[in-house]
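Presented sequentially are two complexes of chain A, the first with chain B as partner and the second with chain C.
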Partner chain A sequence: MTHTNYRLVKTLLLLFLGIWLVFTLFPLYFMIVTSLKPVEEINRMIPTFWPQTMKVNNYAGIFADPGSLKSLVDSVIVSVTNTALSLFLGTLAGYALARWIRGVIGENLAFWILSNRMFPPVAVIIPMFFLFDSMPWGTDSYFSLIVLYLVFNLPLATWLMMVFFRDAPRELEEAAYLDGYTPFRAFFKVTLPLVFPGMISVAMLCWIFAWNEYLFANLLTGTTVKTFPVHIPTFTLGSQTLWNLVMAFSLVAMLPPVILFIILRRYMVRGLSLGVVKG
Partner chain B sequence: MNAAVSESAAGAAAVPTDWFTRKRRRGNLIVSPFVPWVMVGIPVLILVAIVVYPTVWMAYHAFQDTNMMSLFSGEWTYVGWQNFATALTDDRFLSSVKHLIRYLLFGACLQVILGVALALILYECVKNSTLRITILILLVLPMMLPPSIVGVLWKFLLQANNGGFNHLLINLHLLPAAERIDWLSSKLSLWAITLVDVWQWTALPLLIVYSGRVSLPPAVYEAARVDGASGWLVLRRITLPMLKEIIAIAFIIRFMDAYKFVDHVSVMTQGGPSESSELPVYIAFQKGIREFQVGEAAAQAWLIFAVAAVLITLFLKYMKRVLKAQAIA
Partner chain C sequence: MARLELDQVCKGFDRPILDRLSLTVEEGEFFVIVGPSGIGKTTLLRCIAGLEVLDAGRIIFGNKDVTRVPPYRRNAAMTFESYALYPHMTVFENIASPLRARKVDRATIEKSVMDVARLLRIEQLLDRRPHEVSGGQKQRTALGRTLVAKPDVFLLDEPISHLDAKIRHELRRQFHTLQELRRVATVYVTHDYAEALSLGDRIGVMGDGGLVQVGSARDVFERPSTVFVARHLGQPTINEIPCRLSNAGGQLTAQSAAGGFSFAVGGPQRALLENTQGDVLIGIRPQHLRVVNGSSTGQVAEALVEAFEALGATGVLIAETGGVALTVLTSPEDDFEPGQPVRLALDVDQFLYFDPAHGRNLQG
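Let's turn to the complex of A and B:
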């Protein structure tokens, strides 16, 4: 009796999992299908779940369009520069917080830095908008985006690097000191290799957050600099949206973070949980 | 000299298991003492410049009647608490607060519940490990997508007449063939945004809780099995208590992200139709950058900021406790 009950419950649970899987994958499937359809087929009253005329020229159109390519390049420039900056500053600060600045001050400093990530950016962006507007570079520039993305990436990088450095045993470093290493050399030769997987996960997370960012880019930029989320509305011509191009472009733009995630999933759990879960 | 040594020894004895001071001995700093302060100082200065300075600027302007004209001329007058009074009596702002509460309750809370359930079902019921990892990756994919793209995709799917979602429901016979649900109408728009949020962000608690479940010691489960404990008992008495902290942290991260998140609103509905899906953060942006009513926007931003400050303080206190407990273990 209990055995059949158990199997029934298990089947129901698996059914729920299956329904959720369908719910999760259907939009992605429909996105891929739409990106392969011509625009006339999309505008029909009854949407087709399998394209009747399959074409890849939507993708060719994306790669032939200089505006789309420039927006992807802009996204790469902003996100990579911001990630490099966050990782560099975060590694140094994380190391100092993990090794040297401790006690009440270090603890509060670390949590204050982390708290910056959680605050709504609304109190940040309105003043920065007017500040950058009065500066020679203006709001619509690489500089303004790269600096503003530090609002969420610098606290994350600093906090996570601190967590990773705390996990790396201090004894190895002390042994290096005894062997006559300078602190600089001990840091590069001993500690940095130990936290290298952590650095990869921090870099990937920072990069994904910068790549995916929409709000700041939408409010600040749009003409000189145009990251890909800001570029998507340009596929709307008058009252008609070219959904096939939107979907093809979106698929191209979202592929890099998805691939990175699949490859580096193992390293990301720790970072996503702010260092709490040792994935 | 002696006094200093005994003082530091007493200090160490008072907090021997502190997460931040554990295993850390003072006095073997080889580099000059100001080097670490420079290393921490640069990020701190940057954060002061791009976070603290703007916040103070907003605090100042919350008490002024600043608008677009006065920003150009540099003249504004002190109006006291008037901007806060305007914000707190503004129906649009107050209803957006109601929207936010509904959105957090049915969004963030539901995501954590669903995430925990799905993570545990996936771990316990799918025995083939390759299949399990594949399903995990597929379920977690939405989280990695740019929220702006997710918004555009769902705006496309939720179109009333020829939207894919309505027709999926029709094909599954969950909806009569002649009927169309207008998801982005003023009645349903906030629910639609919550739905999209659940679609995208259930993955975060799912991934965190799944990883937490993987790292639980198998010996405990072995013992429970030997004792003949039922699956329900194991879940209630072993799994959930041991995952308590991880679930709480997942909830905290998700809650604070949802609190400040307006990308889906901005892409899918722009607060509409007729202000039915506006969130406080979105209104403050509109007031500040589109309408240039900086004084009122500052007051709204500060109300949002103050609530966030209280929540973050509580959450970080809890997180500190969890991390300290982890370092002892």
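Let's turn to the complex of A and C:
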């Protein structure tokens, strides 16, 4: 490629990226702007792209409302517990599938586990409701959501952890056996640290799913337990929607995933297997 | 400290790898197993270490039957061909790992690791991680991890095969001098015959199914039990010439199948082969052929040069006589042109005779 050609391609690429950035970031921008407007300004026919009157007290309103705060707490309880369970069970199951259950049985079992994620959730929504309704803890409880989200997160966690464990060299475990570690101790001393970055990624994926889930949460819970995606629609009143509060609350709910992702990013991309084999 | 005993060990995957293999390695002995790639050398080590479950047979350390003992209770130490260093631990932690597994106290660990590191000259690397050190240093770390464990049996799987020639020689010298290795039974696996001949108190040549020949370096090199052993030991490779023996008037003659190359069988082999008629496979090591000028007392063959390689310390000549291409070891100062006629002196006493059907050495 000639020099001019290269510059042309680079310019076009930057142009494309610019357009793409505007396309993806504009909704976010508009959310932020809307969260700072008073309701009257939002309802104008010609929208304003910069608030004429800044109203920071939308945020104050969110934090003053006990319902909003409780929904965030509920979301934290459900998502964190579910993530912990998914990660714990998924890691053990993934290890078993990667190391001990081999051949045709292992392959089919692994595929079956993953296939649990393939059906559209709407297909089971009504059976799920009746199933949970017949349980002693009922539909409207932390437990029901935590267990229900396992249906979606556990296959994902199991499958991903299985892949990470398969990539972790078996020889390292064998070296640990020869050092005198029992399989149980070798797993914690050698194998688990190797897949640690993978566990962080899996935890993030599970947690974001549980944090954002709306469909089942809306169907099963809403009174005793109310996660934030279920709480957002309550800003819709009979006559109008309080978009400023919706946006302010959504932005608050977005913060934890964004912050966590920024903190954990470096684990999610790091491959610890570097330097295991001879160079 | 113990001797290592293998009794009728069998192991196979989709095909048999080890077939009723029996072997005793004495306490303090350095036993080298040499053989081509993929023949099952590593499988044998893994069986001894307990990483593979035997199909049949017994493994005994000292006087304890460990056949059913899991690897973490066997007290065998093994270096892996890939080194298998823990990437998330420092060199120090890697070496300390067997002691930590045994819950040794901190001060003792510190001291033992430092001793081993000093011995292997890696004490300046202890804080680094495996991916920050060179191949030779990784190998020393892996070796350190096995030395520190004070095991009953040392198992070394191609420990230096993948290193540069210079480091390989340095480490080879170190294997000679490491007293730690001389106190227990050591099994060392390699595909490099020079490594085997140099290091082994005894050498086992591995072929299909198990050990084809076990003996000292001299034994296996000079008196190979089969043509497989002869072929595998020695560089350049031994010349193999299918011949026919005929006894005409008290004169035992070997003639190549194509007919162009023949010599009178002499030396100690003569008496032995006196009654043998028919086909034999003759093995001639390249150093048992010499290029001579003018007349020679022994038997000679006229040949034409095909190619010549000067390899620094030696020269390798390929010469053709009567339809047979012979590899001859010469000196590097020689200079041969392709097509040039040469006279080869045959060191007939040193020739090896094999059964063409099974490859068995007819003299042994």
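We take it that the second predicted complex is superposed on the first by the 241 of 279 C-alpha atoms of A that agree within 3 Å, B and C clash if a C-alpha of one lies under 4 Å from a C-alpha of the other, contacts with A are read in each partner's own complex, and residues count from 1 in each chain.
Just so we're on the same page, contacts are C-beta pairs under 8 Å (C-beta built on N, C-alpha and C of every residue); 3 or more make two chains touch, one makes a residue touch a chain.
Owing to the predicted nature of the structure, the values given are computational and were not obtained by experimental measurement.
Undergrad: Please indicate which partner A:Ser68 is in contact with in the superposed arrangement: first for chain B, second for chain C, both, or neither.
TA: Neither chain B nor chain C is touched by A:Ser68.
Undergrad: Going by the contact rule set out at the top, does A:Ser201 touch chain B (first), chain C (second), both, or neither?
TA: Touch status of A:Ser201: no partner.
Undergrad: Going by the contact rule set out at the top, does A:Arg44 touch chain B (first), chain C (second), both, or neither?
TA: first
Undergrad: So in the superposed three-chain picture, is A:Pro27 touching just chain B, just chain C, both, or none of them (first/second/both/neither)?
TA: The answer is first: A:Pro27 touches chain B but not chain C.
Undergrad: Could you say whether A:Tyr177 touches chain B, chain C, both of them, or neither, answering first, second, both or neither?
TA: A:Tyr177 sits against chain B and chain C alike.
Undergrad: Kindly classify A:Ser144 by the partners it touches after superposition: chain B alone (first), chain C alone (second), both, or neither?
TA: Once the two structures are laid over each other on A, A:Ser144 reaches no partner at all.
Undergrad: For A:Pro127 in the superposed arrangement: first (chain B), second (chain C), both or neither?
TA: A:Pro127 contacts chain B only, not chain C.
Undergrad: Going by the touch definition up top, name the partner, chain B or chain C, that contacts more of chain A.
TA: The partner making contact with more of chain A's residues is B.
Undergrad: Regarding the shared-chain residue A:Asn82, is it in contact with chain B (first), chain C (second), both, or neither?
TA: neither
Undergrad: Identify the partner contact of A:Asn153: answer first if only chain B is touched, second if only chain C is, both if each is, neither if none is.
TA: neither
Undergrad: Would you tell me the residues on chain A in contact with chain B in one complex that are also in contact with chain C in the other?
TA: 174, 177, 182-183, 272-279
Undergrad: Contact residues on chain A for chain B in the complex?
TA: 2, 6, 9-10, 13-14, 16-17, 20-21, 23-28, 30-31, 34, 43-47, 49, 89-90, 92-93, 95-97, 99-103, 106-107, 109-111, 113-116, 118-131, 147-148, 150-151, 154-155, 158, 170, 174, 177, 182-183, 208, 211-212, 214-215, 218-219, 228-229, 232, 243, 246-247, 250, 253-254, 257-258, 260-262, 265, 269, 272-279
Undergrad: Mind listing the chain B positions that touch chain A in their complex?
TA: 18-21, 23-24, 28-31, 35-37, 39-40, 42-44, 46-47, 50-51, 53-55, 57-58, 71, 114, 117-118, 121-122, 125-126, 135, 137-142, 144-149, 152-154, 156-157, 161-164, 167-168, 171, 199, 204, 207-208, 211-212, 214-215, 230-231, 245-246, 249-250, 253, 256, 259-260, 262-263, 266-267, 281, 284-285, 288-289, 294, 297-298, 300-302, 304-305, 308-309, 312, 315-316, 319-320, 322-323, 326
Undergrad: Provide the residue numbers of chain A that touch chain C in the complex, in ascending order.
TA: 169, 171-172, 174-183, 185-186, 189-190, 193-194, 272-279
Undergrad: Taking the touch rule as given, give the residues of chain C at its contact with chain A in the complex, in rising order.
TA: Within the complex, chain C contacts chain A at residues 49-51, 70-78, 80, 82-88, 97-98, 101-102, 129-132, 134-135, 138, 145, 149, 162.
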